[in-house]
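Dropping the structure in here first, questions after.
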Amino acid sequence: MKDLIFDKNRVINFSDAVFSIAMTLLVLEVGIPSVKAISTYDTWELLQYRIPNFIGFIVSFLVTALYWVSHLRSMKFVTKVDSKLLWLNIFLLLFIVLMPFSTGLYVGGFDYVGPFVFYCFNLTGIGIFNFLLISYIIKKEKGHPELTPHAIKWYTYTALNALIIWILAGVLAFILPLVAKMIFILIFIIQFIINRNYRIKENK
Amino acid sequence: MKDLIFDKNRVINFSDAVFSIAMTLLVLEVGIPSVKAISTYDTWELLQYRIPNFIGFIVSFLVTALYWVSHLRSMKFVTKVDSKLLWLNIFLLLFIVLMPFSTGLYVGGFDYVGPFVFYCFNLTGIGIFNFLLISYIIKKEKGHPELTPHAIKWYTYTALNALIIWILAGVLAFILPLVAKMIFILIFIIQFIINRNYRIKENK
Amino acid sequence: MKDLIFDKNRVINFSDAVFSIAMTLLVLEVGIPSVKAISTYDTWELLQYRIPNFIGFIVSFLVTALYWVSHLRSMKFVTKVDSKLLWLNIFLLLFIVLMPFSTGLYVGGFDYVGPFVFYCFNLTGIGIFNFLLISYIIKKEKGHPELTPHAIKWYTYTALNALIIWILAGVLAFILPLVAKMIFILIFIIQFIINRNYRIKENK
Amino acid sequence: MKDLIFDKNRVINFSDAVFSIAMTLLVLEVGIPSVKAISTYDTWELLQYRIPNFIGFIVSFLVTALYWVSHLRSMKFVTKVDSKLLWLNIFLLLFIVLMPFSTGLYVGGFDYVGPFVFYCFNLTGIGIFNFLLISYIIKKEKGHPELTPHAIKWYTYTALNALIIWILAGVLAFILPLVAKMIFILIFIIQFIINRNYRIKENK
């Protein structure tokens, strides 16, 4: 049954559902203050105390959204969903589903190294399966008019960019924790360069 | 990759999923009484004590439903989903996802100013991205037969109406908390006027 | 904007999502025993203690499934979703979303009258909007080849059957609590009669 | 109304939603350590203590995914969804929804027999309805070009394989708990033989 073809629409709908649920569950990690806490402390104080939670919620929501957008971008080339693509996708979703846990651990231990390393590990897991998924799609669907050599490079570099930076962040956390937490900004700078390069070459 | 076009169906399905999950999670904020509480107190007492929770649940459910209906209304004009539309939509969903938290905070501190201000802030966030989304769609899809000058005005005024009233409610809460909490009724009155005006002009 | 027509597919997808999430959240009301409880008590004891929770979970899951099937049955006649249909549907979903709360209250106070009355109230709410939705669809879509006079009767009686029995159960609970809790079996007996009657008349 | 035909698309979408929500809720059973625990213990210790939770999460996620893939495989043959198929599907989903509970019980009582037996019971429930669903589809859709005698055997044996092994695991748990917990590996070995046999016969 190795050549079995699956219903692409269902695979996509299922993935969209998993992404959306994982992203919505993130809000549970912010943690609503108890009635007692609300009547004792100033709301402003309570919210200030939750700043790491809000940062964690927003960063994880947007990062997961980025991978959903990447999923949108790569799945549109797919003509047939075979077993390998199906299972690469399921493992990608496994790590997406883990995000609410990693985010909760990270915001609960904002000042510690361990929780951040686990957070990086989760994002590395997503990054690896995102990269494998994209590579497999590129390999299988070559010949697609939109998959020009420049476009293939763009897809590959974009997937590698996020993956490598999160691995780096996880390793750096042991030596330079503060730098490690800010290094993800590099993703956007490198992406800017990748995009510019792509446009220059495409327009030659 | 700026001119990338995304699969409209997936964007819509994903949005519907996020709306529906956020609306369903609202019920968790009502808070089921413990087995011990049920055996100690009268059910009627327990429910009475939860009146703010029920109000919060119903108001948030219906308000979120209203924005979903607005999403239904505006997305049907969209012919192509580009990056800007995609991200405006993702930020709209970010604030939708925050609703269970804001509702929980609001009902937990029903007699305080702070939680209500935060609730207004959340609705203002939804309102802003709802307005930006609609404005962008109107700009991009002008020429659509249903987007007559009167219809455009109706869409713009409707989006602005809710947005402005919730900002007003948030500001007023510091001075006249009780008035601030009731002012949202104005949304329906103003909407009634906007609708009547639209019909008069359309039928001229 | 009263004659606005909405995207039927999105309304259906959204409803399916709400139904499925509410039905899945029901499992949270069973309540997983703590690690300490598992190491202290026999698993069999722990599960026995949770019998009301399992009954509540299964009954609520199947009852909600029944209304979803009813939704499947009635929405297929719909050709255009207008504002009234949209909002009847949203209010139906509001009561569907409340089910995990009512179920949790009911199983937490299995031996008390109050929680069961609230449970009946919730099912009555669902029943009312289910009935209104079906009546509205019948009125709007008359002329549909499958909506024969006999079929219309079948739809109306089926919707009324569940509605009336749950109202009855809620009222009876104050006088004969045990009978009230078993009376829902009548729904299946009456439905059997409705179905037989329908088939006899249809085959004449 | 016995010959009523339901909208296949909605049934599939609804099932996908239930599968995806149940799989995402599994992550809640891992249990995020409290802020206090994070500041007292080493992250590595906290994660080590949660190894059963991670195993439970990953196994349940992948096992549920396997049944979703099976659902993908069998539903594609379905041309008409009748009442019986609809309700077989709903009961399958009932047991899918129970998975987060069983997983939570299992990981909370990793060293005990009872929780594992309940876990096997849940998987047996899924297995039974999965088998009934597939048998019913094979019976109803015979004549479908892809449903060759060899393919029918493959579908039947594959469904029986997982079902029987989980029943066996549940029974064995009382006598040889350690063997019972590892016996699920047999599923993959037997599946390998089923697949090889199928390919040999198909290529004759």
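A, B, C and D label the chains in the order they appear, each numbered from 1.
Just so we're on the same page, a residue touches a chain if its C-beta (ideal position, glycine included) is under 8 Å from a C-beta of that chain, and two chains touch if they have at least 3 such contacts.
Which chain is which protein? Per UniProt: A, B, C, D = TMEM175 family protein.
All values derive from a computational prediction rather than experimental measurement.
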Given subunit A and subunit D, the chains that contact each of them: none
Steps needed, at minimum, to go from subunit B to subunit D via contacts: 2
Proportion of interface numbers common to subunit B and subunit C (over half same, under half different): different
Cα-superposition angle relating the copies subunit D and subunit C, to nearest 5°: 90
Approximate Å spacing (C-alpha centroids) for the pair subunit A, subunit B: 27
Interchain centroid distance [CA atoms averaged], subunit A/subunit C, Å: 38
Residues of subunit C whose C-beta touches two or more other chains: 13, 17, 21
Pairwise touch network: line, ring, star, complete, or other: ring
Pairs of chains found to touch, sorted by chain label: A-B, A-D, B-C, C-D
Touching residues on subunit C, where the partner in the complex is subunit D: 12-13, 16-17, 19-21, 23-24, 26-28, 30, 32-35, 38-39, 42-44, 46-47, 57-58, 61-62, 65, 68-69, 72-73, 76, 154, 195, 198
Touch list for subunit D against partner subunit C, complex: 1, 4, 6-7, 10-11, 13-14, 17-18, 21-22, 25, 29, 86, 90, 93-94, 97-98, 100-101, 104-105, 108-109, 112-115, 117-118
